[in-house]
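Working notes for the structure below.
Order of writing sets the labels: A, B, C, D and E. Residues in every chain begin at 1.
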Amino acid sequence: MGRFIAKRLVGMVGVLFAISVIVFLIFNVIPNSDPAARIAGKNADAELIARVNDDLGLNDPLPVQYVTLMKEIFTGQLTSYSSDLNVDEQIREGIPATMSLCIGAAIIWMAFAIVFGYLSAVRAGGKLDTMLTVLALIGISLPVFWLAAILLYYLSFRVQLFPTGGYVPLTEDPAQWAYHLLLPWITLAVLFIGFYSRLLRSSMLDVMNEDYVRTARAKGLSERQVRTRHVLRNSLIPIVTLFGLDFGAVVGGGAILTETVFNINGVGLYAGEAIGSLDLPPLMAVTMFGAFFIVLFNTIVDILYAYLDPRIRLGSSAV
Amino acid sequence: MSPRATASGPLLSVKDLEVGFATEDGLLKAVDGVSFELARGEVLGIVGESGCGKSVTAQTVMGLTRSSNARISGSVEFNGADLIEASDDDLRKVRGESIAMIFQDPMTSLNPVYKVGKQIAEQILAHRDVSDKEARDRAIELLRDVGIPHPERRIDDYPYEYSGGMRQRAMVAMALSLEPEVLIADEPTTALDVTIQAQILTLIEQLNRDRDLAVVLITHDLGVVAEVADRVQVMYAGQVVERGTLDEIFYDPQHPYTWGLLGSLTRLDRPRPKRLPQIAGQPPSLLSPPGGCRFRPRCPHAFEQCAELPSLEGRLGKRSEHADRCWLQPKEKESRRSVDGRIGLGAPAA
Amino acid sequence: MPGGEVPLHLDLSGSAVGLEGVEGRSPWYLAYLRLRRNKVALAFGGLFIAIVLFCLAGPLWATHVAGTDPNTNHITDTIEIGGEETDVVAPNGTPLGPGLHAKYLLGADQNGRDVMVRLMYGGRTSIYIGVVAALVTTFFAVLVALLAGFYRGWTDSALSRFMDVIWAFPVLLLGIALGTALAVGGLKLGPIVIAGDSLWIPILIIGFVYVPYMARPLRGEILALREKEFIEAATAQGKGSWRIMFTELMPNITSTIIVFFTLNIANNMLLESALSFLGAGVQPPNASWGTMIADGYQTIYTAPHLTIVPGLMIVLTVLSLNVFGDGLRDALDPRAKIRLES
Amino acid sequence: MSKAWKVLCLGAITALAALGLVACGDSDSSGGSSSGGGDVNVTMTSFPDYIDPQLSYTLEGWEVLWNTYVPLLTYKHEAGEDGTQVVPGLAEDMPEISADGKTYKLTLRSGMKYSDGTPIKASDFTYAIERLFDVQSGGSVFYEGIVGASDYVAGKADTISGITTDDKTGEITIQLEDANGTFTDLLGLMFAAPVPPSTPKDKNATNDPPPSSGPFEITSVDAPHTLVMERNPQFKTVQDAGANEVADAQVDKITVTQNKSNSAQVTGVEQNNIDFMVDPPDADRLPEVQARFSDRFRLEESINTYYFWMNTQEPPFDDLKVRQAVNYAIDPEALNRVFGGRLAPTQQILPPGMPGYEQYTLYPGPDLDKAKQLLAEADPSDKDITVWTDDEPDRKRIGAYYQDVLNQMGFNASLKIIAGDVYFTTIGNASTPDLDTGFSDWIQDFPHPDDFFRPLLNGENNLPTNSNNFSHVDIPELDKKQDELVQKQITDEGVTDDYAALDKAYMEQAVWAPYGNEQFTTFMSDRLDFGQAYSHLLFSQDYSAFALSN
Amino acid sequence: MSNGDPLLEVSHLVKHFPIKSGILLEREVARVHAVDDVSLTLHEGETLGLVGESGCGKSTLCRAILQLIRPTAGSVKFQGEELVGRSRKELQPLRREMQMIFQDPFASLNPRKRVGQIVGDPLRLHGLASGDALKRRVQELLDRVGLSGEHYNRFPHEFSGGQRQRIGIARALALQPKLIIADEPVSALDVSIQAQIINLLEDLQDEFGLAYVFVAHDLGVVRHVSDRVAVMYLGKIVETSPGAGLYERPIHPYSTALLSAVPIPDPEENREREPLVLDGDVPSPVDPPSGCRFHTRCPWATDVCSELEPPLVNYGSGRLAACHHPLNLKRGALSKATISEESPAGAADALPSEPGKADLPVGA
């Protein structure tokens, strides 16, 4: 176990390294993204720009620049080019909002997906199944930002049931926190509810055909016990592992659209702005942040997978 | 449904069982009019090639084939109560409690995510009002009974940590946990090596002897049947083609299909023949079985009358139990089967 | 009791049908038969074709009905509605809404462009990107899966690590980063030059980021197939690696590829719209449904239809592909063979 | 000549002083009427770049800092053109300028204190200018003409030799290398506002802004989310020293919050949850706001020009006829609608409100036929052109419109959209390929016409990188005219007329295709006194004019 | 049955699968001893039966012989030519001569190919036929294995297990090989079909003079087809013998146990015999038992069995066995015994000192 975690950590560092290099390179090939010119202002002359460049170390060779940048990220000293604000601090400030959004949405999506998927599988072929299937397929066909825009338009602007976005910290006012996040939660969850309920349905239908389910019935377990203890429990394995991956991806950048449309001051919005302004330091940091979460949850999923399915022995499969 | 009804009649009685499945290509009649009876402490072997309906028969007894596309008729009476008509709940009380079942593939028949002990205890807890601790203790005891070494340690293993033979033992332990009256063993050794097969068969024999357990043993291997069964029923294409006592089937087989089965065995107890007798062709599709005698297309002895389906009856007269589905006259049978050289050895060697 | 399906463990195989006749029923034909029975999937497949036809009809509508190009501005024009001269775009910038008039059937946008015409042309772009990007993804995913799954060992490790990196990249961030980076100078790779406003940029980005999503399951399938005895049989006959990959393995993952391909188009269209919404996809003034939503979103309060209509088109198209893809999967999945009446 | 000039100058000063007194009286009376003070909350879409007088170089920043850091000279707290007048701030009087225009003498008022109680000293001005260079401020460029500045930057001198101060008398003398008619304007910018020596000299002070000298002090900053301005307890000392032109605050506290959602801000103001939004409501909400809240919404003039640049050095725009054709083809009214109705049409370089603005029409239109005809006459060989614009929604729409117009004229135009933050550095870099024509705008740095000509049209500023002369204009005789005019004070006779002529001269060459002046907006909650609030031409909303309505 | 040089000569063949693990770099932490120093010979037209429980290395041995997996060590000579170490290309021409039939009739046929392609592919690949000639040849082959030429255009899923196995045989026959390695060709089939396939294989052998390595876990099947039988346990050959000898007088206790475990389809005999039932399962090949690998399950094991690996001893008339306590030996057999050349390198070089105690438990 410890060995496995160590191995994953090494892999994680490798992936993060690769990602940071890629981002760094992408941004160094963008023409005219010269940060010094931007910092120096619209009337700047060449001399001033040269001094700014020197100050930022942008005259150093690329590898040196990369190392400096990474050092600053990990010592929390990185400041953005466009606003001179501390990047790590900005990300830290965004985490509560992003986490509130993602965790809340995750709870909603898992709860609904399990209920819908279970009902769908148990009533496979029935009316309820057809209805849930239709809903699920519509759910996975909705562009998230579009759904967000439409919900905002109808429920916040036309009917004025909900606030027009924004984020209220949980510590400030829990009721407002939830009130402000309700629409974003639903928006973010809809896609996953659709996807996961479909997945659970087919997973359950597969598991229902497994020999051990027959064994369970032959044991005289009630149908309910068979379905929950054997069918659902085993069907959830792929779901839970996928959940880890998706949750990591959502925290690590998937919430960008929702945060943008609902104006939630989270990491996603910050990332969006950093990209919009081609601001390398925050972009490096948020990409690393995102990738970190994705890789982290990948690793958690692997560990969880081994726990959920004892057949999988850690370390043997590395992917 | 009391588990220990003391009726003098058969423990389990199946009458005119028909099981069909609606498929995309039409109705697939897996079992077509199967009847048999099982007495307390008796071992009944059901033999046939894959797809002959033997497993469906067994699973239907347990109600495991119930589904929206299954068409089931006939009756399955256990201790006088009909299981076909029984509610799901009543059926549930019989399963595991009175009739237990073990399956062909011990690799997949245990839930991979639960510990073996837990899966055994689960069955006990589903039927008995006992504490978890008691159920666990019982599980350890059962594992010991079926010959798992160090059961108190192995009880906390996951199925993947068991070898195939141990898993099948664990399945047997589970089946025995509530001391059922009937054990249905559906090809319990097919997936196992010969050495392990011998172990499991010995175990089943022991249980039958020591606990007076009635066993339905389903297999395609006549050799396995010969080891443990008291009576044998040969199935072909969803129908019973011959039934009788073990000795009757082996020493006085009446149906050409049984001859074929016996003949095609590669056996160690006889001199090696120049050439193995074989049954030509393939088993028919159950979607559109041939008219008349279903074995007719493969039968070397078929004649006009075979276009009509023979009924299963004791044509020998004297032994009512020994019955078969063949139009040939007993005399004719005797002469024809001897042609094959190795079957129809006449009276028991003793 | 159990759901509407026959328990799989029943051995119902027997021998199949009688063997008379020469032409066998290929797995594809059987899949076709199953698909033909799935009316819902077929209906949605038809819907997708209808949408494609609708979009292809764009030029016809533009010249014969609307009388304008998708990109032509008519900001200060007026049209006659009910005998009244109406501004296409009001002095305060509010565009004309939808109504029963041949021109501007779905209203105008802020540049006075005909939304109906743009919708049809935008659909061409969106679907084109979806399909071509899916081809790109499929090509690379299949290549990666074949190489990794067939050679295993260090090839697999290297490719898997590479996939890990793309996988771990926040998709949208990567897409936007590449989109922004390439929008200015385009892409120059030796002889290949792609202009900054070329559709190939979103196509390549989208195609690229989805490679692991498709390559991983395919690789798994290849790894499983690789263990099958028919591969050994091919080796024993003396078949070379490439021949085994393309004549033995490929045909066996084709059905998976087809299903993935269909669903991938749907996902691509969603990602395209998201990238365009964030400004990193299709470059204006060219319309795609994504850019139309992005543009329309600026006026959602005064002209919500500019957001709603292209969004609905995306939903319909993606939905049709998803339902059809689902049906395809059922049809192509051999297990579906005994998914019986219900 | 010099005598006449002196008289005129004096006259102007007395007039200014009189006006200042009136203004002072005004603010006194209004101050009395809202003595209760109160809290105001303001939202903006983008947080100020820096909360640091030497660094801030955005409208948002200046809007906040104008009433916080007072330079030696300042701009009149007045709406309209009056607001472009430079008046004494912390200095007792307007500068005394030597005849050669190179020496400026000012005297700091005495007894003034910063908000933390530190006395304001003459040397703080030197400190501020030095700091400007040390923090590599974008504003430092304006002050490079001070003698000794380049030596200071190069590290050859510890201080700027061209600035001498006397903390006792408050005298400040500034030596310029060349006469510069814009220098008084520059002295009124926040870049030159004195800060105490406790301010870190080479570091951005955003998180801990220096003590203020204006009516407000900044008491807390949580960049980029929120900042709080409160009454400066020491502002009395500034007023008492006679700085009448610096208006006093009428509310106790202003909280400025960043809010990324324009629509949410509009709704907030509509529902009186937000008192004032800095940015104009989006085109989308504008009609609704205009219709329903006319009692607390109005458009405000601002000094800026929106134009399309055309690369005069490369075909096809090296041909005057082609450029003229574009000027004929552009429909300012169409662009106004694309912009949501906030663009006042124009066809000239200087915007209204700028000294030297005089309206003329060179290219009556829109006249697409004329444009096509001109283009046909010119018959440029290269009709494949690239239109550049940035990715803000309205600018994207402008770009799309422009591209379409060019195509209708007969070009084969393609559109290139660049992220807003790198747009100007991209088109200002001569090595960027396909720089044909595109979007640009210019918002004044200070209300002097030279700010529109020199950076944007002077041949010397046709730089390889970071150029603002996107049209690559290089007309030597007009450059000469610029240099000649800048030596003079704007108040000199005929200078404004000369600038007007310069404007026309450039447009006869059709170096740009200007089309509009953007109007800003004032949209306030019911809580604020809408009548009193006004938008300053240079610094936008004047927070010192905020007062709660009764 | 045959003379001259052997067709196939396997000597001291080893195949170990490494188990790798590591944090940064993978390194071998253990190995699966799948085939551990195995030697075999096979002559033209001969059938060698190979028997053992699952996991004993039979399948690995087959694949290592055919170079479908690269042996770790040892040599495989086919018609006198060394196969080990040859590249894929160099092996190609030899592959015509040696073919394989697989256990799983479902997995061994590519489900996406028509029967004609499956059977015709090797012909096309080796350039032996094309066009109509190819089709004719395939149809002949199909006819020969008991299918119809009309099945040419059908797909594997349309056939039953037995028919599929026939297709597999047709494919193996297509190149007219000299050697066919049949890896449990009938284990997955029903008894009646088993007989069909066995008969078919025998007919083909007679007709084409094929040599078979016939692998099975069922001694009954092996007895029927084999001239000689080799018994494998945990990667090693424990006994080789001409068919009859093994069945009548098995020397190795493991052979005895295997024989004893085969059910006898004769109720009377069953009632009488007291079969030898082995305890437990085959130990893990990752960490095989020391000494004689069978000692953990052997009822007659003594101390020496766990210490010394018994050599493969030649008891004459083609009978080889590796046991410290050989059973069923004729009087004086021990004295004439010698250590075989095929004996594994790691085995002791001492002959068994005395015969085992038990007497013949089964057999006719």
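Note that a residue touches a chain if its C-beta (ideal position, glycine included) is under 8 Å from a C-beta of that chain, and two chains touch if they have at least 3 such contacts.
Predicted, not measured: the structure shown is a model, and the values here were computed from it.
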Inset, instruction - Show which chains lie in contact with chain C and also with chain D. - result: A
Legend entry - From chain E, the most remote chain by mean C-alpha position: D
Inset, instruction - For the pairs A-B and A-C, output the one whose chains share more C-beta pairs in contact. - result: A-C
Legend entry - Chain closest to the middle, measuring from C-alpha centroids that were averaged per chain: A
Inset, instruction - Averaging only over C-alpha atoms, locate the centres of chain A and chain E and give their separation in whole Å. - result: 54
Inset, instruction - State, to the nearest whole Å, the distance from the C-alpha centre of chain B to the C-alpha centre of chain C. - result: 52
Legend entry - Inter-centroid spacing, chain D versus chain B (mean Cα positions, whole Å): 95
Legend entry - For chain C, residues that touch 2 or more chains besides their own: 1-5, 7, 9, 13-17, 180, 184-185, 279, 300-301, 342
Legend entry - Shared-contact residues (touching 2 or more other chains) in chain E: 160, 163
Inset, instruction - Name the residues of chain A that each touch 2 or more other chains. - result: 30-32, 125, 157, 211, 214, 217, 223, 276, 278
Legend entry - In the complex with chain A, residue positions of chain D that touch it: 47, 49-50, 57, 136-142, 144, 153, 204, 206, 223-225, 259-261, 263-264, 267, 391, 419-422, 424-426, 428-429, 432, 445, 455, 463, 465-466, 468
Inset, instruction - Please name which positions on chain D make contact with chain C in the complex. - result: 263, 282-288, 290, 331, 333-341, 391, 393, 396-397, 399-401, 403-405, 407-408, 414-419, 422, 426, 432-433
Legend entry - Partner chain A, residues of chain B touching it in the complex: 59, 62-64, 68, 88-89, 92-97, 100-101, 103, 105, 108-113, 122-123, 126-127, 158, 160, 171, 174
Legend entry - chain D-touching residues of chain C, taken from the complex the two chains share: 71-73, 75-76, 89-94, 110-112, 180, 183-185, 196-197, 279, 283-285, 295, 298-303
Inset, instruction - Would you pull the chain E residues touching chain C in the complex into a rising list? - result: 63, 66, 68, 88, 91-93, 95-96, 98-100, 102-104, 107-115, 121-122, 125-126, 148, 150-155, 157-160, 163, 168, 171, 175
